[in-house]
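Chain naming follows the written order as A, B, C, D, E and F, and within any one chain the residues start at number 1.
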């Protein structure tokens, strides 16, 4: 079979919490169907509200941070399973539980959908690890904002979205807001950035509400969201 | 180590949907702690609202009944994982995915917590299969009603709870209301009853709001809920 | 690769007990070879006399019903392994031990051969579960009778084979003779019928001695045995 | 827990082919029960007539020698499963499929029962590998002859049973009769002898019909069968 | 069994590169033997020169960073396997390949020895993850320096070892020297520190040449190396 | 996909110990790339100096022979992993740990690279087992000598390399020098020869320094090294 370049799509857990979650997934399915002939695709799914619910329950039961993260990971795998099933024959019908397991399932030639791997890291870190392992040229982060802003747009009305920025610039923006409690990692945690930097992975941050536009983003290099250039 | 008789506790998925779900789990933890020295305990957890949510999403995406059931099973395993972690060292820290896997984990001597096993059967059937495999003397079904009624109490104001009934009587009561859509099995499905009958397992149906009373039910044979006698 | 519709073939364990068992398997191999280009094929194998032998030994040793069923399941897997090996490169060279495992192996694109999955259900139930999971249009039950009779042909000389019948009609016929002891399930147990009904799977009951005719049955809709129509 | 020395019992597949196979297993169960407090016990089971049946079928289907051996191995695992279940809580309830897997299950502290591991070697070789891995002091080979004879007793009426012999003497006796066709290895194949020699394992060859005498053989050093001394 | 507090010992890969590596391991074995009755012990092993050798080979072959890290991880598991075997019955005889796997093996009650888990993180991060998951009170980092210095002692002759320091102080010291190339992480990477901070794990940095002193360090709180206090 | 005949390449562990090991692997990669379209390829890797290092450490720690062999096996798997990664998409990206596991990974259609399987046998025996299981027509043994000599060339200056010899002749030559200590098996151990003989596998012994010539050896039957004819 001829070579197909690899891309990774990281889907925020909030994608599954919207009222029209199944419509979201349908759009994703269309995008993957139209790309799968020309690209190999890895998908990483966040845990969303369901992860937060179980982490909250676990915290009330005084579980340690490691176990709380594991609950969030298992919730993210439930989302990943849903996507894998929605993709039918295009996808490998089981969700990996580690990077090594991902690599093995990836060798099937199918789309592989994964949730979290391990406590202490976000699903963004998982996406970066996966992108590195499959030598992906692009990592698309589909989240609930339109791109990277120069300030947190929830707090600053004058925040401006950046169409293109370097990874160092992104690091500066994120550094003040990074948190270490289970389930609260935002956009890219330090591990994600370390991987992205060392393997020079191009990151695109976009709104999952525009997920249908992903086809033209990938195939025609249409400008959507923010492009983060590793240097 | 001396012999400890085995019991199985089947927890309705609704247990995890209550506002005070973590309190529910704390009470269960106290019960298990007080029983674990004298009994070996298997716990089977339902999927609850979370299972229904994912099944609904899957149905909107037109997945087949088998895949819908699998989504419900994975949701039930998330609940099972939460209980296993809440039990700490008392429990085996991983959830089995089949009866054979259950039997292997059971040999650890620890409490084993499981969710669903397979499409086409309820978690009640899982509880019956587990009870049979570990030669349990009692299967406790903790649900959101106080016991078995002679008619459906949601429809009939004059429904009477039965303190004791035979399995055949239960079968008559349930037969009219049995459903086959994914995620809607009620109390005991036909497979559960087949297993309970062939292996003569005593079933106790009780309200999970009284879960704290389970210790005296088991240790002192205190009458709670309905006892179903296989004959 | 282009779409191939899926079919499931359920082979009675008695198939392996015949004096010319290897000839039986050779014929099955020819059928699968001629169909594999146009259809995806799942095969479910019963346990036969070997299952009964181990269940009998287990019963003499007073094992519980769950363990007896497991012995029967492992015997059926030995038959499944033999078929898988006989099919060579056409088949996945390992036998799944659960529906989830089947689904994963099925994604290889190969014929997957399986035995039993779990205590408390027949290999016919396994066949129905598999047919549902892979959205099979047809489930062929190859057994030691020519089709479904209006009465048990072993007891009634005037029994008539039905070329076509509804699932409800089949249910009526089977209801009187259903047994719950390990290893004695006949044709279709209640779980099989529940699955077949909810997923509208067409069932064909035929004699495994005519296994060579399966190619024309599938490819040319030739009338062989009894067709059971879900409604 | 205090140290218990380890012993390995190798049970010929013919043990399971006898008319009173369940009585044989009951006696074995009594022996294991009486020894398990003072010894750690590994059991290796042969495939017997069932292995030969499947190997014959496979040969008629022209499978390669490797696949034939695998069929025999799976048949031996069915016997191993039966023993494991018969031993109840004394045994680990799953059969290992490799030496590494055996070592992991052995760490449970339970009796571990295994069948074959790999094509190209007898279950006697498995027994020797297991004995070496668990640093067993004794390997008991329970077979259908009373011990080691100076000539093949099936061919020579004047064959004499040897109460004690060196491993080199045994090698001389066996060397003429060793066969390499799948399923026909006799007593000890070259790999078994290599392992026994390099790790100085004492071997006792005895008749499985005297299996009840094993307790006094182990506990009281009662002379039964032939003792093979590694030098 | 009564409660035993948990400790984690992280062994630098250089431990295995010394000329007297087997003596090193013997001392570790003595320490573990003397502590195992009162403490539960997790051991995390680095990859050392062997990891560097394979990473170098992989880099010459132009493998991606993810694969290079995996080679280093597998090398570290070889060291972990050696320790596990050296500990005999005290240790679980297989090396986990993820945190989830570690948690499951940990439930055996035995010492669990592990190498790396995942690309993008050091074995120090593994040690922190393990310490958090088992709620360890102490994480001992046994390396080839005597403790934490205020400057890098290889570059500065006037570097002073700190008997006690806060985690923030350690972070300042390490921040300048942190590297992101595979196999070159030093002491504690950012992920380790995040875990240590959020779960308030006490870290002790000591020279593995003093490994025999670990018993008195743990049992008698003898001051050895540097203590890092999370705040 | 059309039929491709299978070949097995056994690579001596010394291949990885050379100063230009990565060049060696590059040449192997070129050979595999040029053959993979027309042949299915299995590769078996020895443990080399790394295996000997860990076995020596283990022996100093007084581990039993079984554990020493396992250390050597794990070292050989590290080499196998390196080759698998170097082959990129051509190879299955995980190393099997038993013959059954090999067979399952082989069904992926990719090159499968394996190290050792089990104590008590050389990686040459692994290569023979693999060759038999995949019905390979040729087993290439790439080692650090140019072929099979009539006497040990390290001891006899007048040793003559044999371009062609029978398996019985090889057996005679090897018989005097065969050793049973862990890690010291030479060329072909008795198990390898038994498998080669019973399945009539053609063996070619060649120098791994000529690995680039393997393409013409396979494609054009160019005479390189020694051909061993089973009879």
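Here are some notes:
One rule holds for everything that comes next: contacts are C-beta pairs under 8 Å (C-beta built on N, C-alpha and C of every residue); 3 or more make two chains touch, one makes a residue touch a chain.
Quick caveat: nothing in here was measured; it's all calculated off a predicted structure.
Looking at chain D and chain E, the chains that touch each of them are B, F. Of all chains, the one whose CA centroid is most distant from that of chain E is C.
If you average the Cα atoms of chain C and of chain D, the two centres end up 36 Å apart. Chain B and chain E have centres, each the mean of its CA atoms, that are 42 Å apart. For this pair, chain A with chain D, the centres built from the Cα atoms lie 54 Å apart.
Within chain C, contacts with two or more other chains are made by residues 67, 70, 100, 103, 108. If you draw each protein chain as a dot and join the dots that touch, the picture is not a line, a loop, a star, or fully joined; it has some other shape. In this structure, the chains touch in the following pairs: A-B, A-C, A-E, A-F, B-C, B-D, B-E, C-D, C-F, D-E, D-F, E-F.
By the touch criterion given at the top, residues 100, 103-104, 106-108 of chain B touch chain D in their complex. Across the interface of their complex, chain E is touched by residues 16, 21-22, 25-26, 29, 50, 54, 57-58, 60-61, 63, 67, 70-71, 74-75, 77-78, 81-82, 85-86 of chain F. On the side of chain A, the complex with chain E involves touching residues 64-67, 70, 97-100, 103, 117-121, 125, 128-129, 132-133, 135, 180-181, 190-191, 194-195, 197-199.
Taken together, the chain B residues at the contact with chain E in this complex read 89, 92-94, 108, 110.
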